[in-house]
Structures are given as structure tokens and as C-alpha cells.
């Protein structure tokens, strides 16, 4: 057995080459949880469904290669939840790669990214699933986020004054999500995001980490907006959701997704607010002749772009003993043509950060309503182990 | 190229943090083999079927995190045999994770386990496939074992006298096996195991390693019994086997599995004996109206819980030159309602342990009968490479 | 963060045990590319199809175990292109393992290989996809190569004079490709290859690396020929291609594949030439009664072994600044019974080797004709990152 200087939570490998020609941080992580859910049948809550789940299990490599100006990130999913989603467009193979991207600081404050990684969408999505203050992300995120894609990004940041920072991010993507091997369908996806930090940088990249584990000494704020245009999109949630097949191929329509979000932290208090909106040129999938889209058997598919908007607000307070309480309210309002029920969710959670986000135990309870009626109550408890 | 103090067989990484905040042993391993099988057609043995197979290929991480009291194990399967078994309950994704579990020594001799790992079933199953003295496990194991599952375990051990050790293990599990993402079906699974070591601990955890590579100076014995109750089980072999579908969902019945087993080692001699029994409340899958279970097309499924019992006995002797000869006898007796033939198998094997179980060459020959008639003869040869 | 002596491109781990009992080089690599293709519709080229792709993403472990005479290699695929190809013969699981092989130098210049790895086929195939001078391999390779298989190999080399080297390689394989778990179908596959290096070894194993990155000071040449016989083959391209099903099982015929190839390097110039030929005993799949093979519904499968021959020639010149220009011409001539169009392809490419093949940017343009008519033009640009 050999001795390593690396502390717990800093990677299993955390190396930099003597000649500064490369570095790596390699870390596995797992998330395990137990869940109990009581469904409401219109009259009352029934008996609970209980289950255990390895929600995420991942291997991550990041660092720089050749020069500190050329960074890379490779993240692999291991759990069945991470890798599911195989279909003909992924070569009927599991979706093992989450990120495989290089980030090249080619000029001053400019970076060029190439590969597969998260698009510059809503802040909640871009926060790593390892750094959440509740057991999982919100319903806003699950219905509206624009996830990962293949393509290139240009990123820039500037200090407009000593503390006023502005960041611009632009992505050109294939537009059908991650791990696609069948080439581009429809058109490309274009994403722009602008972020304003009027009071300076967050400690330790805290604008993209939930919970104020750094206990910011002065208030820190990020205000941001994303505009995403998916030209001739073929899936119901832009680059996510299901493919909209017709009897002759795929239905294509232009889908626009907008996010406005904010992250605020001060002295243990953390607040995140998000608004999302999705619109489509012609949301209902139709055949070339304008009749409803049909499958090969001639039955209507009923496919429709999930248009509508959503609001999510969450706040947490971290006590001195590294216990945190956090609450969340999420509201989803879909356009009537989608046939989807509006939904609200209230979440109350507690976390014990034993070693920050690297070793933590979390629990939360969720009350969800659909179409104004009680839908279910869910209780969750789990842990994160992250090297 | 850098120098490592770690010797072959002690992991590719074998690190402990200077501040004792974590440790890891990381090791890949592969098992390759060639097999020839002669099937008996009732009159004589036919021409051999020959094949090559990567039977297992794995990556394993284990050690402790944050404190030596919090251990972890992550084991990943790589070979097609390791990861097959995708179905709708695994997210139609391969079953990549074998173990993902934390083991917390929360109080004195008590440990709490949480995650996915092997249940405390028969000793042969819990012995790692890397530590077998014949090329693969017995038929008892393949038909009766209770494998891995998702859930929690409580483990305790006590020294009743200087050398008399008793261990108790209890597991609460989901009850449908590993890598399930669709939640719990039917009820939970409850497993209890008690182990008695009247002559003290085996050298180097040898109670769960086949072959007496440590050449025990005094006789060592483990006697153990497992009782497993799978409430409302939905699979034909408790948490293994196939799902028992009906025209309206899944057939559920309570399944009980019992193991009684022993491991003995002394001066190069190793003996393992196992008895297994499976019973079910109502083994034949039926519709709610009591008629035989039918599939969607209205054909009877014929699903029945594989009830019956089995006996397995094996012994090996390790010569001074690290060659070992081992023999095995296995008898399977199924209940008549299962429609499964009883079976017997005789195995004779030889191993050369070049570096213990880490680098070895093994061969064996198996004679199998079914329903009292010759069934097949199989010859196997292969190697293990384990860092 | 700890300091490592290993330089970029020499692995993330590059260790040798102090007691010389093992070594490992562990390296991940990724290949990302963007492609535009203009298809010709008979009259003119249409609008381009554009797409982004993670073409390859891999983890490789190699080194020696127990003794420098026992080498090993384990290579794992991560990208969806790497792991696709699941079917009933692979356990319906993705084909994650590329190589899992041990190489034992059991006597003088002899090596015994056992496991899964590349067969000693055409040079272009055996060159790692990490070491190509154009963005991807030729059409000759994609239609005629014999890829990887499970089995054993014997390899030998001899110096006939100070500089005249001869190498002989023989493989006995299962004959249906990699990652098979269902055992052998049809007969085995037998491969023999002989290589002659009249002017001595290439620098740094350059006979199996494209581009003359070592700028050979004297001309170096490898001339080689492979003869491959797949007894009772069941797939259309020997151990690759699709299975030839009949109404009662699989169609079997003996397939012979021959390669003659050469690699030449001198002072920045690199030339590779290959000829391939495939023949089959009875190439058209038929039922036992001699009628055309039919699927379960009674429709003819049309399966036929892809017999014919091909020629590939490519050359590159590496400038002092590590830019290279390379060109390739490939001609495919299929036997008329295959119903496949003959094809020609012209490729012109440029590479910038930033850190040899470990970090490079490549681009090429391809003009392809089929049956004498223009088929498509493809433009590709991409990078390799290889630790």
C-alpha cells in the first residue's frame, strides 16, 4: 500500500505532470437511495410503493492535456438509470458517455469547446448531480431542460468592473441529444446564454453548486438568460423527449426554449430561481398532407411538442454544523394542446454534509398535485459518495 | 515510467491517504477459457462443440472513505456474460454494476450496509468468482443461489470464547435482483444468516476463499445456515430466474430458500459442503381466477417456481508446488410439479496457482446426468489474471 | 495534487512494480469529428448532411503481469459506435470489450496469445485507430478486414541476417467475431500471416503506425501476406457482417480471405499498399434442399458472401513542422453474384500532429463513386486526444 497526499473528495487520482504537460483528476461516485411513494387515487392516499435504487454511478476524468490552456472532461455513466435510452439513433447501444469534451482557451478570455457536453441551459441543469441540495432536480428541469448535445461551443467572459462579471456562451449542436451515432436529423440547435455576476465571482465556482457550503462573506448573485432555437427539431422536448415519427419519416418543427434564472448566496443562505418557456412553430405532429401524424399501422401518434412554461424556486440554509434545510416550489403550466396536466410540487429537504457534497446524507419529502388535485407524496432518503 | 511498491496481485492502485481520509485498491481482472462439450443423444456421445469465452472481465474498487469505519466496494462487469440480462425492469440497459455498496461500522461489532451487493446466501455464491478452485461454481449454485440485490444489511460478529466466533447477517432487499430501476414489484425479501466458527478465524478471510492457499496450521471450520423469505416474489427463482407474467400483470407468491453450508480447511485440504432447499407458497403461476397463467396471446406460460433441493460437496488438496486437485459432486432434486429433471454432476479439476488466485491456470472435466440418463461431458481449460 | 514523472501521451498511469512483478500503462482516448456529406442523386450533388460524432472513446490497460514474459492488454470501448452490435450471440449485451488478451513469451522468440484480440489480418486493420494518418480507415478495410476474434495465437520472429527479419503469426479462432457468448457456430477460423522486413525494424514499432513520425533515417519496409480460412463460416464477411439465416438455422460455407500488404517509410514519407481478396465455397446462402435461403416468413433472405477483391494505396509526407499531407486511392471490385456495386474512393487529407498521434487535428475530403457514377463527397474534421 502506498501513501497518497490526496485527501478524500479530491479524486482517486489527482496528478499533474512534472513537465506540466498534463493533469488528471479521476473520481468515481455513487448515489444510492430508498424511496416511498403514496399515490392519491382521487379519494385518498394508497399503500406506499417502496424501492431502492442506485440512481447514479459515474467515473469522471478531467484536467488538462498538453497545455493548461487545453482542458478536457470525460464522464461515464455506470448505473442503469445513467445508461438507459438506447434506440436506433444510438446504435441500439447504451448511452455510456455523458461528457467527452475538450475546452481550448485559444485567445484571452475565449474558450472553444468541442465534443459532447451539457449545453449552456438552465443553471439547475448545469449544476452537477453531485452538487444538489435536494435529492434530485426539480420538475421544471425534468420537463424543460436542454441537457447535453454533440457540437461546439464558444465561451467568453469579461470583467466590466472590478467585481462586475459578464459571461457569454454560445453553442452550435446537432440538436437531438447525447450519444447519437446516426447523424443529424432535422436542423441544428443554436443556444445562447448570458450571465451577469454584479457582485463578483462566487467562492469555488459556487454559482454552479447548490448550498452555500463556502458561506459567502458578501452577497453573491448570478442572473442569467438562455435562448435556445432548435431548427427543424424532431423530438417532443427539443433535443430530449421522444422522436415524433410520421408514416413517412419524422415530423420537424422549430422549437424555442427560454430560461431565465438566478443563483444567490450569502452566509449560508442559498436561493435559486428559474423560469422556463418552450414554444414551437407547429407543435402538433402532422403528416405532410396536414393530417395527424400516424404510425406504420395507421394509428395516430398523438405526438405534440411539450410547450408551456414553468417556474421553480428553492432556498436552503446551511447551519454551522453542516446540516441544511431546504425548500422548493415548482409550478408547471403546459399549453392546452399538449394535453398534459399542469402540476405543482412542494419539497422540504434536509442534508447532512459530512464532507461537503463528497459524502452526504440527504432526505426530502415531496407533495405533488396534478390538474389541481393531489397526485402523490414521496419520501426519499439517500447518500452520495464521491471521491 | 514510475515505480510502485505495490506487488502483482495487490491492485493496480493500492493507496491510502496520508491523512487517513480514504484508501483504494483498484484492480481489473479477466477470466478466459476454452470449452469442449460432448452431448449424449440417448445412444452415444456426439461430436464435441468447442468454444472460447471471456467468461468474466471486471473492474473493482474497494477501500474506505472519510474514515476506516466507512468502507465501500464498487465492482463493474465488462464481459458480455457479466452485463447481459437487460429487460424492461433494468431500463433496457445492460447490467454493468455488480456491487455498489457502503459498509458502515456504526457501533462496536455492528455494520450497516447500504446499496447493491451479494445477499448473505450460500457460501459458494459469496466466494468471489476470482477465488474458485474449480473453473466455475456448481449446479446447486446456478439453480438455488440468491445472488445480489438492492437494499440494506445489518451485520454483527462476536467472539463467544477466545476462538469461538459467531456472525449474524440480516438483509432487507427489494427482492428482484440487481440493477432494477423500475421500483419494487411484489413485496420485499428478508434474508438471515448465522455463521459459527468454532476454531477461530480462517487465515486471510479463507472461509470465503476456495482452496487452502494459506495451508491452515490448525483445522478451521465455518458452519452456517441462511433463511431467505421473499414476500410476494415475482420470479421463478426468488430474486433470480424469469418473471412470472400473467395476462394482467405478474404472478406473486411467497418463496422461501434455505441454505446450510460448511467450509473446512486444514493443511492444504479444503472441503465445502452445501444443502439448499426452495419452497413456495403456491409454486404454479396462475391467473387471478385460478386458471393457469397466460401470456398476452392467451397461451399458458407454464411458469412455476423452481422448488426442490440440492446437495453439493467438494474437496481439494493443494500440493507443495501449488498444484491442486479437486473433486465435486452435485445432486439436484426438483419437485415434480416443476417439470424439471433431476440432475447429478461429477467434476474433477486441477489448478496451478502461479500467484495464488491472482494468476492461475485451471482445467476440469464434468460428467452430467439428467433424469438418470447421461447428458453430457464437458472439458474446460482457462486462466485467471487478477491485478 | 501530486506530481507524476509521466509525460503527456505516456498514459495516465505508467507504473512498474519495484519488484518487477507487473507493470501497467493505463490511458483513455477520445476521437471527435464533424462531417459534411453531399450525396449525388444522379444529376447533381444535393444539400449537405452535417453531423457531429464521438467516433471512438476508449480505455486501454497494457503491461506485464508476474513476469515481463507475460504481457497483457485490455481495451474497452465506451462510445456508442464502439459498443454497438448487440445481438442474441452476444447475450443481447453491448460489445464493451475490444481486447482482453495475454501474450506469453514461453520460449525464445515464440509467443502464445490467448483471449480476444485482433487477428493477424491486413496491416491497416492492425494499426490502432489511434495511429491513423487519415480520419478513418479505407473502404478496403471496412469490407474485407477480419477484425478481432476469440481464441489463441502463436507468434514467432527471427532475424535471418543482421537486418532481415521474418515474422510468422498463426491464429486459431472461433470464427464469428468478438464478444460472442453463445459458443461456436460452424467451424473454426484459421489465420496465417508472414511478414518480411528486409531492412530491419521500424523505429518505435512504426510498421504498425501510420505516418513517418520517427522520420526513418534509412528506408524501412514490411512486406506481408495473410491467408485466412473460415471453416463453415456463418456470416457474410467471414467473421464479420451479418449472420446468414435459413428457415432451419444458419447457412454455412467455407470462406477464404487473402491479404497482401506493404508498409514503407523513409524520411517523413510513408506508403501503405494493400490487396484483399475474399472467396467462398458456395457464396449464395441456400436452404438444405438447395433453394434460396428463406427467413421465418418464407421470404428469400438474399444473403450472399461478399466475395471480390480490393486494392488500397495511400501515401503521406510529414513536413518539418509536423503537418502532413496524405492521399489515398481505394478500389473495390465485388463478384457479380454479390449484387454489390464496385466502388472507388479518392481521399486527400491533412494532419497537424501536435503531440504525435496523441494530440492531433485531422481533416480530409473524400470523393466516392459507385458503379462508375458519382456517389458522394464527404468532408471531415476532427481531433484525437490520447493520454
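Chains here go by letter, A, B and C, matching the order in which they are written, and residues are numbered from 1 within each.
By definition in this document, contacts are C-beta pairs under 8 Å (C-beta built on N, C-alpha and C of every residue); 3 or more make two chains touch, one makes a residue touch a chain.
What you see is a predicted model, and the numbers here were worked out from it, not measured in a lab.
Enquirer: Roughly how far apart in rotation are chain A and chain B when fitted on CA atoms, stated in degrees to the nearest 5?
Expert: Rounded to the nearest 5 degrees, it is 120.
Enquirer: Give a one-word verdict, same or different, on whether chain B and chain C use largely identical residue numbers at their interface, taking over half shared as same.
Expert: different
Enquirer: Can you check how far apart chain B and chain C are, centre to centre, with Cα atoms defining each centre and the answer in Å?
Expert: So the centroids are 38 Å from each other.
Enquirer: Give the residues of chain C touching no fewer than two other chains, as numbers and ranges.
Expert: In chain C, the residues touching two or more other chains are 4-6, 13, 94.
Enquirer: What residues of chain B sit close enough to touch chain C in their complex?
Expert: Within the complex, chain B touches chain C at residues 1-9, 12-13, 28, 30, 32, 34-35, 49-54, 57, 78-81, 83-86, 94, 354-355, 359, 383, 385, 387.
Enquirer: Please name which positions on chain C make contact with chain B in the complex.
Expert: Contacts found on chain C: 4-6, 10, 13-19, 21-24, 26, 61, 65-66, 70, 72, 74, 76, 90-97, 100, 102, 114-116, 150-152, 173-174, 179-181, 183-184, 188.
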